[in-house]
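In the part that follows, the structures are each spelled out as structure tokens.
Two complexes are shown next, each including subunit A; its partner changes from subunit B in the first to subunit C in the second.
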Partner chain A sequence: MKRALRLTAVGWVFHVKGLTMSGFFVVTTTFLPLVLATTASYMARAGQRQGTLLYVSLGAGVMGIWSSTLFGSGGAIQWQRWQGTLELIVAAPARFVLVILPLTLATATVGIYSLASTLIWGWLVFGVPFHLVHPFLFVLAVPAAVLGLGLLGLVLASTFVLYRYANALSNMLEFPVLFVTGLLVPVALLPGWAQPVSWVLAPTWGMNAIRQAALGGSPLDDLAMTLLLGACYLVLGSVLLENFARLARDRATLALT
Partner chain B sequence: MTTMRLVFVGGGISYRALFNWIHPAMYVPTMLLGPIFQILFFVYLGRYNGLQSDSFFVVGNAVQMSGMAGVFASTMSIANERQFGTLAPLLATPAARLPIFVGRMLPVAANGLVVSAFGFCIGSLLLGFRPPLSSIPALALVVVVSVFSCTAFGFTLGSFGMRARDVFLISNLAYYVMWLFCGVNVPLSALPGWMATIGRGLPFTHGIAAARALAVGASLGSVSGQVLKELAIGSVYLIVAFGLFRAFEVEGRRRASLETY
Partner chain C sequence: MAVVEAEGLARTYRTSTGVFRRRTLEVEAVRGVTFEIAEGELFGLLGPNGAGKTTTIKMLITLLLPTSGTARVLGYDVARQPREVRRRIGYAFGGDRGLYERLSALDNLRYFAELYGVEPREQRRRIDFVLDLVGLAGRERERVEGYSRGMRQRLHIARGLLHDPPVVFLDEPTIGVDPVGARDLRATIASLVEAGKTVLLTTHYMFEADALCDRIAVIAQGRIVAEGTPADLKRTVADLTVVEIEAFGASEHVIQRLRGVEGVASVAVEEQEQAQLIRVQAASGLELTQPLLRELDGARVGRVAVREPTLEDAYVALVTVE
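Then we have the complex of A and B:
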């Protein structure tokens, strides 16, 4: 247990540093949420909707965490594959999940840059006051959301091991999750089919927790749900990852690009 | 005859070679499935904000969807020649540069048209987008002009790929800037003046405005000014793109930097 935690912590620090050094990664995952926040803010203004700018900034920021997780988790497996290091990771004595988990957590963590940048952008450009109703709970809600998204990234990463066109999946999933999880449009306004889907996605609850901590409300239930879903993702991701890696080895497709 | 062969045969072969990694399993999720949710997302965001009709967002996003091909594929059409190590052999050939250039544009533009048409079909199937039947040929013409304009813009960015180390960062940023500045989801009148001014110099802005007018029954004649502006903007980008391509070729030969990063 201690070794697993140590490996996770060391891997997380390593990948956070590595991803932070990638200008392309940081700029692309930060820039889209800024554009989205600006677009949504102008739409809110033009539509005369009042009092939604902090709501928009927070939603776009969490979208940035999602983009970073998606792009990072999918891309990282693919980059390892291109560089020929995926086989080495799979063959390492440490459990595969313990090598991949820090990476997906790190990609979600780097997404915090997006949250910070959209909040600062909102304050500078749109004069959005950054007043938190429950600052302490906000400080708890953000890491919980990051953890939930990072663990969702683990489930995605497991499919990327088997699926050679992982970056296509990354490209495809950005807007569906943005749409379904109510990051910028309340889930209640979405089509009926979208609501049950939103319940099993941690970003829905993580976003609710962050919003209620920032704008008022009781975020504890949402926070607990985010962590519960995160635990489910960890179990699911571990099982899928080990099995998909075994399948990829059986079929000798691990290194195929 | 040689020119036609360079444009169509050469362009087709180069597209197949440069985009040999595009498999249906890659193409369908990236170019078709993802953008469906882009349209749905902005339609619902528009409804939530009480801004414009569904048709406004369907048209804006269906036209803009072609930008993924127009910007990224265009950039790759030039930058990847350098990355794959084929740029120097290509430029060592005596072939005229303009047909080489145009040959690379056509498949990219055709791809953009397919994606945009798919976006309109999805808008029709899922969101009840129903333009008057009589306006569909004009709408198709406007989409063709917009896709041309965006492809020319993409080639302008791609030409920097003959010199710059990481042109994909530029194309990513440009793609998202167009999203915001070109009136795709926010009416130009709702943007600050400087943003609207920049937007008017970018591809899509006039095309989207014309397409929106056609979708509610305007005649082609009444939007001809917008269509001509879009065409003119595309032509200017094409000239700039080709000029940059030639300039970077000459510079690359002089400094022996065609293949260095």
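Then we have the complex of A and C:
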């Protein structure tokens, strides 16, 4: 257990450092949500909804974390395949889930840049006050949401290990999840069939927890659901990764050649 | 005791072509190879590009599942006990890829030390040791993207040795490295055997195998076509003579005609910038220069030389057998 935690921590630091060194990744993560936040802010103003600017700003920030996780989990594994390191990490004796988990957690962590940049942008350009009703719970909710997103990334990453061109899937998933999880519009406004889908996605609950901590309310239930779903993703991701890694050895999809 | 055992090891790749009418193609990369490597031995697997060397090594290091046959490393089955195998082996692939470019060599080594379960209090000592062994001490804090190919190659080897594995697989470690860098790498490889490690080296440089290997297996078109010590392989061509012909514009049809000349054992063509270097191996004692030149009618001929065969000729003869 101690070894597993140490490997996760060392791998997380290693990948956060590697991703932060990538100018492209950081610029994309920092600036894309600003476009989304700006659009969403004008939509909110046009709709003359009072008190929604911080709500929208936080949503846009978490959208950035989701984009970073999705792009990072898929892109990073595809990148590792391209640079020839995927074979090296698969062939390491460590459990495969402990090799990939730090990577997906790192991509979600780097997404925090999105949240920070969006809040600063909202404050500077739109005068969105950054007043937190429960600052302590907000500090708990953000890492919990990042953890939930990172663990969802782990499930996605398992498919990226098996399929060489799975980043096409990641591009396809970005916007449906933004809508279904209520990052842009409240889940209550979605059609009935979409709501059960939102319940099994950790970003829905992570987003709720962050908003409740910032705008007032009780985020603890949402926090617990985020962590519970995260634990389910960890088990599912672990099983899928072990099986997909074996299939990838059978189908020879770990390398490009 | 055999440290590495391969028995009838085979691997077929399946690929699909076509958009609407999908067709599955099967390529037999390795067709049932059998060999053993003894403890402390440096065993060379030689063959041209596409012969099946890398596929064989990838099966042995658990990155590919064999289609048929079995392989064991230190008694552990590579298909069924991959984790046991991985703990006990190190490997390095040739080429630029396989490193985290944006990070330093030290970051790369620390990460892999953790992945390979090197004890935290041992990590610094092991990293210093392997850096020193491969001659990268003092350069470890530089980003890998600034490294030369030779330095990257040495870093690959350092990574493969972090957990002090008893068995090391090196896949074309000197490919693309300049002569001085390649010589240094060969010295490093030799030092591994002196340190008691068992090494499987793949290369297509005959002189490299000759200089380093205790035994060599030559692989061509997925099959082992010869196995023995470098001296054994040299003896296979002792009764041959080599005629080297520099030609311009010799067609495949002309090359086929050369193969049909009586006494010719093999014909290999090396494409050079403008010319083709045709190497004809023939039974010694025969005067073949004139018959060969007659068959080259239509192609322009430059230099022609007759010489004694070398170890490389033995290799060429083995891998060009029809």
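Basically, the second predicted complex is superposed on the first by the 255 of 257 C-alpha atoms of A that agree within 3 Å, B and C clash if a C-alpha of one lies under 4 Å from a C-alpha of the other, contacts with A are read in each partner's own complex, and residues count from 1 in each chain.
Simple rule for what comes next: contacts are C-beta pairs under 8 Å (C-beta built on N, C-alpha and C of every residue); 3 or more make two chains touch, one makes a residue touch a chain.
As the structure is a computational prediction, the values presented were derived from the model and not from experiment.
Q: Tell me the contact category for A:V235 with respect to subunit B and subunit C: first, second, both or neither.
A: A:V235 contacts neither subunit B nor subunit C.
Q: Given the touch rule stated above, what does A:V200 touch, subunit B (first), subunit C (second), both, or neither?
A: So A:V200 meets neither subunit B nor subunit C here.
Q: Looking at the overlay, does A:T38 come into contact with subunit B only (first), subunit C only (second), both, or neither?
A: In the superposition, A:T38 touches subunit B alone.
Q: Could you say whether A:F175 touches subunit B, subunit C, both of them, or neither, answering first, second, both or neither?
A: After superposition on chain A, A:F175 lies in contact with subunit B alone.
Q: For A:K17 in the superposed arrangement: first (subunit B), second (subunit C), both or neither?
A: A:K17 contacts subunit C only, not subunit B.
Q: Given the touch rule stated above, what does A:A94 touch, subunit B (first), subunit C (second), both, or neither?
A: Second partner only, subunit C.
Q: Which of the two partners, first being subunit B and second being subunit C, lies in contact with A:V133: first, second, both, or neither?
A: It touches nothing on subunit B or subunit C.
Q: Looking at A:A224, would you say it contacts subunit B, subunit C, both, or neither? Reply first, second, both or neither.
A: neither
Q: In the superposed model, does subunit B or subunit C contact more residues of subunit A?
A: B
Q: Could you tell me if A:R3 is touching subunit B, subunit C, both of them or neither one (first, second, both, neither)?
A: second
Q: Would you pull the subunit B residues touching subunit A in the complex into a rising list?
A: 23, 25-30, 33-35, 37-38, 40-41, 44-51, 166, 168-169, 172-173, 176-177, 179-180, 185-187, 190-191
Q: Considering the complex alone, what residue numbers of subunit C touch subunit A?
A: 13-14, 58, 61-65, 83, 86-87, 91, 93, 95, 97-103, 107, 110-112, 114-117, 120, 159
Q: Which stretch or stretches of subunit A touch subunit C in the complex?
A: So the residues of subunit A in touch with subunit C come to 3, 6-7, 10-11, 14, 17-18, 21-22, 83-85, 87-94, 99, 246, 249-252, 254-255.
Q: Give the list of subunit A residues in touch with subunit B in this complex.
A: These residues of subunit A touch subunit B: 23-24, 27-28, 31-32, 35, 38-40, 42-49, 52, 164-165, 167-169, 171-176, 178-179, 184-186, 189-190.
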